[in-house]
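Each chain gets a letter, A, B and C, in the order it is written, and its residues are counted from 1.
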Amino acid sequence: MTTLVGVDAARGRRAARAGWWSRWAGLAFVAPFLVLYLWLMIYPLVSGVIMSFQYKDLLSGTSEFVGFWNYEDLSIDPIFIGSIFNTLRFVILTVPAFVVLGLLIALALNRPTRGAAIMRTLFFGPHVLSVTVVTLIWKTVYLPNVGMIDAGSTALGLGPLSILLNPDWALAAVALVTVWWSIGLPMMLFLAALQQVPQDIYEAARLDSASPLRILWTITIPSISKMIVLVAVIEVVLQFQVFGQVNLLTGGGPNNTTRSMVMFIYQAGFQQWQAGYAAAASQILFAIMLVAAGLQFWVSRKPAES
Amino acid sequence: MRLNKTSTALAAAALVAALCAQAAVAQTEIRFARFFGSCEADFATVTDPSRATNECGVITALTNQFNQENPDIKVVTEIVEWQPYYEQLAGRLAAGDVPDVSVMHADVLGEFARRGLLLPLSEDFPEVGIDTSDFVASGRENVEVDGEIYGLPQDFISWLWHTNKALFAEAEMLDAEGNPVMPTSVEELFEQAAAFKERTGKPYLALPVDAGSIARTFYTLVWQQGGDFFPQDTRQIALQTPEAVEALTVLKRLVDEGLATAYTDGSVGNSEFQQGGTGVVTQGTWMIAPFVAAADNAEMALADYGVYPLPQLYADNAQFSAGHTWVMLKSDRRTEEQRQGALQFMKFLYDHNGDWARAGHLPSRQSVLDSAEFQELPHRASIMSIPGNARHHPNTINQQRVMFFTIGEELSAAVLGQKGIEQALADAENRVNAVLRRAR
Amino acid sequence: MAKLDPQEPVFSRLSYWLVIALSLCWLIPLFWVLGLSFKPNEELSYGLGTVFRAPYTLDNYSDLIRSSQLGRWILNSVVVSIIQTVLVLIICSIAGYGFARLEFPGRRALFVFVLIGLAIPRQAIIIPLHAMFVDLDLHNTYTGLILPHLGTPFGVFLMASYFRALPRELEEAAALDNASRWKIFLTIALPLSVPAQITLAIFTFLDAWNDYLWPLISATRPEMYTLTIGLAATQTNFDQSEGIGYLMAQAVFAGLPMLILYLIFQKYVLRAVAGAGGR
């Protein structure tokens, strides 16, 4: 009797242990990532918030609580406010271009020909280059007086355009480089979505002899609307963080028209050694991005739901 | 499968470990951080500095020579670009991983020293045979903070009036000694520039307006009028002054009237000058050697080159000056051998101050400045007046680099017509003061 | 894929030709740079228009190979990108499987918590991250360059949605054979997830290869520069550079390996990128 009870108990314990294990095994799978995530994303996020309320010197590392001082200073810093507007302008210049142009290219190249395949490869190609190679290339295109564009415009009798020096055009020029560099991603995402649209809908539409524009508007775009939103959100998140192209092509000029928020953060931190100030600017960037991405998601969601 | 994955992970981990371990440093290796570019292609094995005439060549050859003469010390050069040099240095200081000998502009040395980041060298220099009394006065001003010496002044740089005398001859604007006629007032400047343009069909001046360059021209013009940037205290710059408005107006008028061409990329202006496209270019002392070389090159249109201080347009013959210095950043990781090695390297650079001067700079040692060898170098005689007229911000002003580029950005916007003169100066003043106010 | 229609409407054909014209705009800068890289620097100082006429030279490339630290920087980039890719694949596959297939207390909440991380911009935490790595003494090391990317949730999200879409039957059969969760993951789920692995690998590799801001502030010793940073350092001032031809040779030298790799593996790359969208 006792032995039986003992065996039962042992079996029960084993079962319980197995149950315990199967209950928690999953956690063991996700634990390594969670640790890294907490350590390298959440902890810096929180310490960044704390730092934004400190006067922190980058070089000495000394810090002192200053309340909202950094934020107050940011709110009257014309360069910071300018950088917010520059960044917004950049997002407005690039994101629609990525969505519209990406979709147009995808539509045109959504065919099984060799030519289309070659062009898909070509459009995606610059995406594998690093930002510094891209800016090296485009610097010689934009170089005032002697660059490709100015040489061309001079030959046409227009005189040098010096695009990167023109406060009205410099940011657009950087946006153009960005589109050239990374149109491949939206194009491929749209192609993937287009190929999942069932062909029979098109057949039916063609039988109704609907115009291609109508087909595009009533069938294609609604069928891939989810992807359009996804591409827009991805690009908003990416382009809000623009830094490399600006830093290397214009350095924030001319007349501060291209200084982006991330560039401001970098300069505050590493030129002026004001880590607390830079951390406060980072929080504003984070907040604006959250709002922008959320807003966009919400706006594009609405019609689909109704 | 399991084995495969595990071994991949292990291999990756091992690789990480191996690569980290590699950071260990060999004995008496001196890390030497500098800008001045990389010219390994031409000077990788050259140990004779007299074969070089530009900054990069001279310093590379000097480093090679030192390594050859001192087999127990190995100076490893870390070439950082000029523009992001201090951002990179800030990163390294924050990380506590600093070079042993670093180049540092004179205008920031004061702040680094006051922050306790630099090793005081007053006692070490005499020990290794560096005579601090031989430093020229303004070089010494640059490296001395509160009575303590924090660096080895390497040179004395200034902002000059580089001229194409052949074009001035064409414009019949050479004086009896064959030097270009220099304006002595703003009116004369405009008269001469207009006359030059009329007779040669070319703009008088190539004016680099990138942030760094234009600030130098501007500082000179303000100082020549006796203007004071810091009338109240060291934490408040005054840029909305009559002197500043006057200086910026002159520059803008020159460009607006077509007498000067503004170049946002200095190298384009330089190449225009070398091709005979303009009478004058304002550039630093470091361009003397390249321009001399260009004048010797038959393919270049620049044939008869002459260089002078900026013309004295106002009461005071002030000239912008700055300098490079060698410093030792404080570090817990530096061994005594490395410290000694670094000092020896500095002594070597001190001994070879004359070689460096061949790149176009004025030497930081009085004995070299006075030497016949230096004075016989091309064009040095015409700029010998500069040390006596040199002006710079006192080293008690913080954040001089940020200030310099911020002012330059705003001035550049004004000269290019992107914002009004008053607006640009007000913006520059506000931006600089915001930075100075935040700095502690 | 849509069939090529012999009766293709004018509209469609027009758009096709428009895109062909556009693709020229994508090509021209590449050829322009290639051309410049074969020009002697002295001649380019007369104007870049000289690119259209002889002489051409290989000097820029030989100077590059003889002197520059480009090789070292490429090595750094390769090491960092490959190790990072391998580690991200391992960590994210395991975690993704855990979230997709295993039940454990708090799984849902944890997954949402991880998803929130997708909204944290990396650039916005760079200042505190820099301070943190100062304390850990990790700057100017490969570890310091690799680590910050390992906490990014994108890969977990991608792998989890892939595992979730796999049919459960195969795993259930193995579970009946008393195989452990780990064994099921390794022998059944993992091999099936290769397409997603390739997608994640390509994204991670490109991301690591092209990273700019973090290496800019973390790798401040020239010998620890990645290619991106090394090249950036040489172009801040065209003034002081060794000539435009030389810079362009650098650009070609640095860009070409990636372009060649891309051309070889383009099928996988494009499929992988498209695959990420399918999720």
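As a convention for this text, a residue touches a chain if its C-beta (ideal position, glycine included) is under 8 Å from a C-beta of that chain, and two chains touch if they have at least 3 such contacts.
By chain, with names taken from UniProt: A = Sugar ABC transporter permease; B = ABC transporter substrate-binding protein; C = sn-glycerol-3-phosphate transport system permease protein UgpE.
Remember, it's a predicted structure, so these values are computed and weren't measured experimentally.
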* Looking at which chains touch which, would you call it a line, ring, star, complete or other? -> complete
* To do: Pick out whichever of the two, B-C or A-C, is joined by more C-beta pairs in contact.
  => A-C
* In angstrom, rounded to a whole number, how far apart do the mean CA points of chain A and chain B lie? -> 38
* When the C-alpha atoms of chain A and chain C are each averaged to a single point, how far apart are the two points in Å? -> 14
* To do: Averaging only over C-alpha atoms, locate the centres of chain B and chain C and give their separation in whole Å.
  => 38
* Which chain B residues touch at least two other chains? -> 87, 91, 94, 265
* Structure fact -> The positions of chain C in contact with two or more other chains are 130-131, 134, 216-217, 236, 238
* Structure fact -> Multi-chain touching residues of chain A, meaning two or more other chains, are 61, 143, 146, 251, 266, 270
* **chain A-facing residues of chain C, complex** => 1-4, 9, 11-12, 15-16, 18-20, 22-23, 25-30, 32-33, 36, 47-49, 91-92, 94-95, 97-99, 101-107, 110, 114, 117, 119-132, 134, 147-148, 150-153, 156, 181-182, 185, 206, 209-210, 212-213, 216-217, 227-229, 231-232, 235-236, 238, 244, 247-248, 250-251, 254-255, 258-259, 261-263, 266, 269-270, 273-278
* Of all residues in chain B, those that touch chain A in their complex -> 86-87, 90-91, 93-94, 115, 117, 211, 263-265, 268, 399, 401-402, 409, 412-413, 416, 418-419, 427, 430-431, 434-435, 438-440
* Structure fact -> Listed in rising order, chain C residues that touch chain B in their complex are 42, 45-46, 63, 66-69, 79, 83, 86-87, 90, 130-131, 133-134, 137, 139-143, 146, 183, 186-187, 190-191, 216-218, 220-223, 233-234, 236-242
* **Complex interface listing, chain A residues touching chain B** => 55, 57-61, 73, 77-79, 143-146, 162, 165, 167, 251-256, 266, 270-274, 277
* Touch list for chain A against partner chain C, complex -> 22-30, 32-34, 36-45, 47-48, 51, 56, 61, 104-105, 107-113, 115-116, 119-133, 135-141, 143, 146-148, 151, 180, 184-185, 188-193, 195-196, 199, 202, 211-213, 227, 230, 237, 240-241, 243-244, 247-248, 251, 262, 265-266, 269-270, 275, 278-279, 282-283, 285-286, 289-290, 293
